[in-house]
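We call the chains A, B, C, D, E and F, going by the order they appear; numbering starts again at 1 in every chain.
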């Protein structure tokens, strides 16, 4: 895994801990539903659900969310071709305003591929 | 197919014709890319691409787009369970602001199922 | 309560039942967190939380969500002046694109006030 | 002017009056800045500013705002070709999620053209 | 006040001055309405209005706006519990796409608390 | 042209190449329609179309897209006054949530003007 993913993951984990230290039930439950939604055992395979999370994140234009789902898509067996085709639908539905996020997504993918997984 | 789908389809077809009568290349090409994106022959099956279009439409909260992709998901073999699971990811990512669109989506699905296909 | 509220409430209840009949844990939990978030017992009074839900709905421009929180704001004791001031912040932050939703919100409020509560 | 424009204008005027009856300075000032922004006398011609308002409304996907600026574009001398080209940029930047709004925009334009101005 | 707040405030003040040097009445009036909206003297307390600005900013996912209102919420007497509860409503309404902004918001709050106010 | 524009342009060009290396027809066509839309020969002058692209980008709050169109507006002959007036409409329609993007836009414009074009 690449450097961008490492920096992103560290900040993500540190802040998730800070957020969940706080005693707020709504936030805690939103985080737990988030884990549940992409887990195995539903009607759709995990890979499809991660591609759905990726495209939702792309059209809503959240770079961190896109990065997270790109890593998860890879882990669940999605190929670069499948990921690019999913993102092409996000680009079409969301318009050219999505292009800068697509650039950063491909840069992140290249970074993920640049180093062997730990 | 149900009554809501009929009314929606008639307006959609009539206005698509009106739009494409106008000699604007950008609009014409956007419409032709739209057809291309969900066609067979890519890295992902048509059903997956329609589910991606559905979730993108749901988080961007466009009822007409949701209706269109619900019909296409059905045509490409997606089950009610698969459609509902895809929409659950849209609800999670997009938040409770998505709920009114989810209500109209399920109402549209019920209407689609209420009558035999022509 | 007025006629608009009645029609809105009937559709809302009927479709919530249809949605929750479906066995999807993510959707069910999103609905239950939604009830939890605006309940008594947190750091903020219910009225303030309903005003927060109202403004979030207004800037995201969802008429049904605005209607729902307008009714709840009234039930939790918010005055017309407080509701209008909360919506003025939504208009400022969200811009003039919010104006048509503000028109429908005031029309809904007038309808709510037009008939004695049942 | 057509029937759709009449119904839209009546509701718009009635609710603007209701909104401005309420003594809220932020709302009143937002309405007055709105009039100022599209007035003559700035660096850009009124027609260009109305086209800018139209495209902003289209990518943010507000049908009422699109209808309003379509009427104003016509009044300020924009041709159907200019309006369609402006909307083609909105479609490109905003993506296919804009298509249902483009359909309703062209339907509204056809309605505007269907009857002689009063 | 912390380092992040200092850097943010300096850029903010410098660019506000540059923007207001330009002779554009619409921009100047938008800035003055912005000051008016959160001032004392309306139907709602300043603290409530700042919480409304915070949640509007969070669901529209603007980090700078969130940072600004976090600082203002603190100044107007909102506790960490109240701020977190307000943000929990933003997370619920806006969905998990809000999570990266919530992480940066809590990081900003921690930074604000790390140093005594000047 | 300034330093910010250089860094932005390099990343933009490098990633556009990476994206277009990938054999995805939908993405390639979206990029080619993007070039077509702002080209000479339509009903509107290039300068007007760049201002439309700028305002669409501003209300959708994409800094990279705003930067790109700011540079193109300058190249097509738009004055600082015309650009600021176009952006004032974006601020009005999009609301104060646009302000941080307006700050970065003016900072980018100042950087563009700070150095002679190469």
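We adopt the following convention: contacts are C-beta pairs under 8 Å (C-beta built on N, C-alpha and C of every residue); 3 or more make two chains touch, one makes a residue touch a chain.
From a predicted model like this one, the values you see are computed outputs, not experimental measurements.
A.B. asks: With chain centres defined as mean CA positions, report which chain is farthest from chain D.
C.D. replies: Measuring from the centre of chain D, the most distant chain centre belongs to A.
A.B. asks: State the superposition rotation angle between the two copies chain B and chain C, fitting on C-alpha atoms only and giving a multiple of 5 degrees from 0 to 180.
C.D. replies: For the C-alpha superposition of chain B onto chain C, the angle is 120 degrees.
A.B. asks: Is it true that over half of the residue numbers where chain E touches chain F are used by both copies, so same, or is it different?
C.D. replies: different
A.B. asks: Using Cα averages as centroids, what's the distance between chain B and chain E in whole Å?
C.D. replies: 37
A.B. asks: Which whole number of Å gives the spacing of the CA centres of chain D and chain E?
C.D. replies: Result: the chain centres lie 31 Å from each other.
A.B. asks: Averaging only over C-alpha atoms, locate the centres of chain B and chain D and give their separation in whole Å.
C.D. replies: One centre to the other, that is 27 Å.
A.B. asks: I need the residues of chain E touching at least two other chains; which ones are they?
C.D. replies: 26, 30, 33-34, 37, 56-57, 59-60, 65, 84-85, 88-89, 91-94, 96-97
A.B. asks: Line, ring, star, complete or other: which describes how these chains touch one another?
C.D. replies: Graph shape, chains as nodes and touching pairs as edges: complete.
A.B. asks: Can you list the chain D residues touching chain F in their complex?
C.D. replies: Touching chain F from chain D are residues 33-34, 37-38, 42-44, 48-49, 51-53, 55-57, 59-60, 65, 79, 81-82, 84-86, 88-90, 92-94.
A.B. asks: State the interface residues of chain C toward chain D in the complex, per the touch definition above.
C.D. replies: 61, 80, 84-85, 87-89, 91-92, 96-97, 99-100, 102-104, 106-107, 110
A.B. asks: Flag every residue of chain E that touches chain B in the complex, lowest number first.
C.D. replies: Those in contact with chain B are residues 59, 91-98.
A.B. asks: Considering the complex alone, what residue numbers of chain E touch chain D?
C.D. replies: 25-26, 29-30, 32-33, 36-37
A.B. asks: Quick check: in the complex, which residue numbers of chain F touch chain A?
C.D. replies: Touching chain A from chain F are residues 11-12, 15-16, 18-19, 22, 24, 26-27, 30-31, 34, 56-57, 60, 62-65.
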